[in-house]
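Heads up, the next two complexes both have chain A, just with different partners, chain B and then chain C.
Right, the complex of A and B next:
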């Protein structure tokens, strides 16, 4: 049985930890004091880079590397904390904001010190009414105690933190969408480059970090890089030649929901398997695991053949999926995958920002196709296809065989792949929302094709037994490692 | 939007408390336009929904065109352009809640309130005749561990069953 390792969540359930005094009793702000007393800003940036901390928001990009892209000579520079937690299946940031907001403020202070930032905006989801209330109270307290404002603790450091409410748009969780929204416009993502690190909010260099990423900083400073790097596995990434070490350090706040007995947030070292995680979360509710979504609803689904895939950044990328935000949704044998896909596609059709044509039109189109299949009106056809082989007359030619084709499944794959192609990893949209749509659409359909076919054939939702519903890995290219062109492998 | 149309509406201005909060807000950003979302939230809290008069007022305060305010209001689902009930009931219906039978909760609410589900373009459809409740479906509320969840104005209600819904409605109606 895997043990929880609580670091970010260690004091979460302490009564009144949201107040300054109690937070102070549990080493609160001592890590920030250590940072300003013992280290230069460059040392901190170096420590974060060495710690191998990867962004916990979804993309999994190295935090230290992101910081290194920020030009030193352009001021002011801004920090945007992404607390717009909207990915279905993710709910770890909400607990930090509601129960331990001072930890986030301490993380922000360390980041601001390292990067020479004076203004931070916390973009908090509009629906987080309680979270915003607690956060605003904590910010106010920190100002009163002299940990925010001008000349903090007599060090000459100035940091201001403002919370900024969103208004219910999923796309504002995308970093450039967040920046547009923060500037008081529609949350429509920008073209990149320029990346926010060079030109972000108010056209100034901007660091955008997730709540969980920032909450890791006090512990990296407090306990040292060595302590941090011993948690989690390091792999040799064989996509590169020679293989590049790829660290998955630290803990992750895994949010597990769906068909488990004790859904919730579990803080564990990176690199455990789905089976282990389900065990930690009180076991499966039901007889058998049918599917696991590993990183929020945008991530490609894992079948019961892939339950031993490690849930970390590298392993999931190699399994043609992603860790994303760490929102794990478990489905048992009673679930119908067509129905689940319909639910997710309704979400994306609703949340497309409408900026790029392939996404604006493609997403509702995909939803309509899945709706049609689920309603029992899925299109199929029996056609005679020229299938070459040894024909009846013993000569090479058209065998005249008939074949049943599922028009809607081909159409689904074609439309989804035209929003974003999941095989080549190229998208026809400005932001990665495109890939977040086509990834689930194509992976569900390819991996659970028998269930889709049965539903179309029978004209009603058919839930097949797990073994029959799933295509085995050796028969389907949906499982294979993502195509990475050699010339891009070094980028 | 012509000026005559706006004149029909009752003019809007922040009350004293909101004006103070707005003055504080505006100082946080290097450009005034950036205060758009918090300002609209303030205005909506005061009036219940965003009328053309509100948009005109916000545009004047932030020194942008009315069209720009309208642009933002229509983009974000949390801003209403029509009157809503005193209690806005948001029912989460995304996958984790769907796996935990949010449909039962939704159907029960529909039956109890005797109303349909509001759509973004037709809020009246989901509002009860007495104007007390508005029922709407929303996407993930980031509380999947305690699914199914609903949000009534700012408050989250967890692990719902039809019985719990009855209790809640009785409490709200009194």
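Right, the complex of A and C next:
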């Protein structure tokens, strides 16, 4: 049985941890003080790079590497904390904001010190009213205690934090969409390059970090890089010679929901499998696992064949899925995959910002196709293709074999791939919203094709038994890479 | 200069040029909707996707391959790379605009662009000059796979001259950016989200417009709209673009001298569209100029010479009208004659006029008549000047060239007029109200010859009215306020018996024994270039379509 390893959430349940005094009792701000007293800013950036910390927001990009892209000679530069947690199935940040906001402030202070940043914006999801209230109170307290503002604790460091509520758009969780929204414009992502690290908020270099990423910083500083790298697996990227270490260090706040007995946020080491996670979350509710969504609704789905896939950044990438925000949704045998896809597609069609063509008009199209299939109006055709062989009369000729063509499934795959191609991982859109749409659409359809076909055939939603509904990995190229991990090997 | 490999071509382009422009300079089309050279580049239409090449990560140094993602041509600029970062040791950039991936991407994007499009080309004004049509034909599918219900957003009235057919809109946001950046008025914006995106003006909850698109540059949004979404009410259902002839000309609305294209048919001018000129109007023109051509097609145009018989105008023929004038002119002394040129007339008109005054009538009293001073409008990237005449600068110089650069204007002119016996006034101005002093001065003249295009307060006072021509009916040159000499071109024939202004003046000169024998405007321009200081290069051949700037 895997145990939880609580680091970020360690003191989450302590009463009044949201107040400065209680937070202080539990080592609050000592890590920041240690950072200032013992390290130069460059040392901290080096430590973060060495720790292998990967951004917890979704893309899993190395935090230290991101910091290294920020030009040192352009000032001011900004820190943008992404607290616009809106991926369906993800709910870890809100607990930090509601219960332990001082931890986030401490993380921000360390980042600001390392990068020479004086202004931080926390873009907080508009629906987090309690989180915003707690955070604002904590910021106020930190100002009063001299941990924010001018000349913090006599060190000459100036840091200001502004919290800014969003207005409820999913796309404002995308970093450039967030920046546009923060600047008071319509929340639409920018075309990249330039990336925010070079040109972000108010056209200045900007570090955009997720709440969870920033909350990791105090512990990396407090306990050291060595302690941090012990947690989680490190792989070797054999494309490089010598192989480059590909670290998946630290813990992750997994938000487990769906058909489990004790859904909730669990802080666990990276690199556990779905089976282990379900066990931690009180076991499966129902007979058997039909599917697991590993990283929020935009991640490609995992079938029951893939339950042994380790849920870390590298392994899931090799499985052609992603860890994303760590929002894990478990589905049991009663769930209909067509219905699930329809639910997800309705969400994305509604949330597309409408800026670029493929997403604006492709996303509702995909939704309409899935809707049509779910309504029982999916198009199907039986065609006869000439096929030469030994025919019924025993003579060589056209055997007249028939083949069933599921026109709408082909259309669904084609339209989704035209927004963003999941096989080549290229998108025609401005931002990654495109791939967030086509990933579920294509992976659900490919991996659970029998269920889609049955739905079209029967003219109504049909839930097949798990074994029948799933395409075995050997038959589907969507899986292939998982079983031939050429590029990475266990270190 | 950056050395770029574009498809199979090796080309040199200036640093900072984007791929769309670089390709256009070398005859390669990169289709695009949202990109406009005069506006910022949001890269939202995704039509100009191209394949860029660069070093492959993880591969041995020197290996070059296509980047994983396609890039947008409008935002990808080329720059001279440092020697160690050249591709294939010599190129600053390698770009493919016709690789299979690029073609596939274009097809896909075009399919998306057309899913909600009503395909109402037969009743769409833009048909024939529509980017959606052209690109679909060249880069798209021949049929649609879309069987769902299409969005049908409402048709909207945005302002005095602009209609929005939302169904045809591809949400390229050119119009929004125009209103934001060039006119600076910001009336337009996007409402709703996702596939329900619509361009709109600010409205109350009941849908009542709070602001309308009525700035003086509003008409430009119709030009820059790549599809038939924004439509000019003025041109609505008037003509198919392919039925119209086009001529490069210059706007006669004010002294800016915007380059325009006059689109016309045999029965009149149909519309004016701006034409790019880097130093004068960039891509734009104002609505005063754009919609100010209607007088050309007016049914009221003067078509026959008129002479006053017993206080009534009687239509007559040219020979008769000129005979009356000749008789009158030969009776009076030179100092009793005032000749007034028009700031609306071309340099050629005014040159012949000053030659007539100087050589034939021997008078030194030359005046200049033009529109009253209007209002100046400044926009962030455009200015409409207060001087509403296209050729004040040119007329002033050319009329003055005969006379020691003394041209009578304003009060001094009207003083001279009130003391004169015969006044030959070339007007050619549409809608010119007379001020009291002007009217009094003209009334006091014994014999007033007016050469004009429309019946007006001025022609009411005349003894003889000669039908002249507008800018659309003659060749010639205008000099704008910043010293650019540019050509206008004849598009339609003058109505009835009306004649080109300089021809009338020349005929009059011949009748009075003058030696003038010009056959076409270019000949006069040659004479101007020889005789008028500063106009040395201003021959029609050298001016061409781009114009020339006079030395300061």
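One rule holds for everything that comes next: the second predicted complex is superposed on the first by the 460 of 491 C-alpha atoms of A that agree within 3 Å, B and C clash if a C-alpha of one lies under 4 Å from a C-alpha of the other, contacts with A are read in each partner's own complex, and residues count from 1 in each chain.
As a convention for this text, a contact is a pair of C-beta atoms (placed from the backbone, for glycine too) under 8 Å apart; a residue touches a chain by one contact, two chains touch by 3 or more.
This structure is a prediction, so every number in the text was calculated from the model and none was measured.
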{"item": "Dominant contact partner of chain A by residue count, chain C or chain B", "value": "B"}
{"item": "Partner chain in contact with A:344 - chain B first, chain C second, else both or neither", "value": "first"}
{"item": "Contacts of A:327 with chain B and chain C, given as first, second, both or neither", "value": "first"}
{"item": "Touched partner set for A:368, first chain B, second chain C, both or neither", "value": "second"}
{"item": "Which superposed partner A:428 touches (first chain B, second chain C, both, neither)", "value": "second"}
{"item": "First (chain B), second (chain C), both or neither touched by A:85", "value": "first"}
{"item": "Which of chain B and chain C A:129 touches, first, second, both or neither", "value": "first"}
{"item": "Partner chain(s) touched by A:182 [first = chain B, second = chain C, both, neither]", "value": "first"}
{"item": "Contact residues common to both interfaces of chain A (with chain B and with chain C)", "value": "169, 186, 350-351, 353"}
{"item": "Complex contact set, residues of chain C against chain A", "value": "41-47, 49, 58, 68-70, 72, 75, 105, 108-109, 111-113, 115-116, 145-146, 148-149, 170-171, 190, 192-197"}
{"item": "Chain A - residues contacting chain B, complex", "value": "85-91, 93-94, 125-130, 160, 162, 164-170, 181-187, 202, 255-259, 263-265, 293, 297, 327, 329, 331, 335, 340, 343-344, 347, 350-351, 353"}
{"item": "Residue numbers on chain B that touch chain A, as the complex places them", "value": "28-31, 33-38, 40-41, 62, 64, 68, 71-72, 75-79, 90, 93-96, 98-100, 138-147, 151, 154-156"}
{"item": "Chain A - residues contacting chain C, complex", "value": "169, 186, 191, 239-240, 349-358, 360-365, 368-369, 372, 411, 414-415, 418-419, 424-430"}
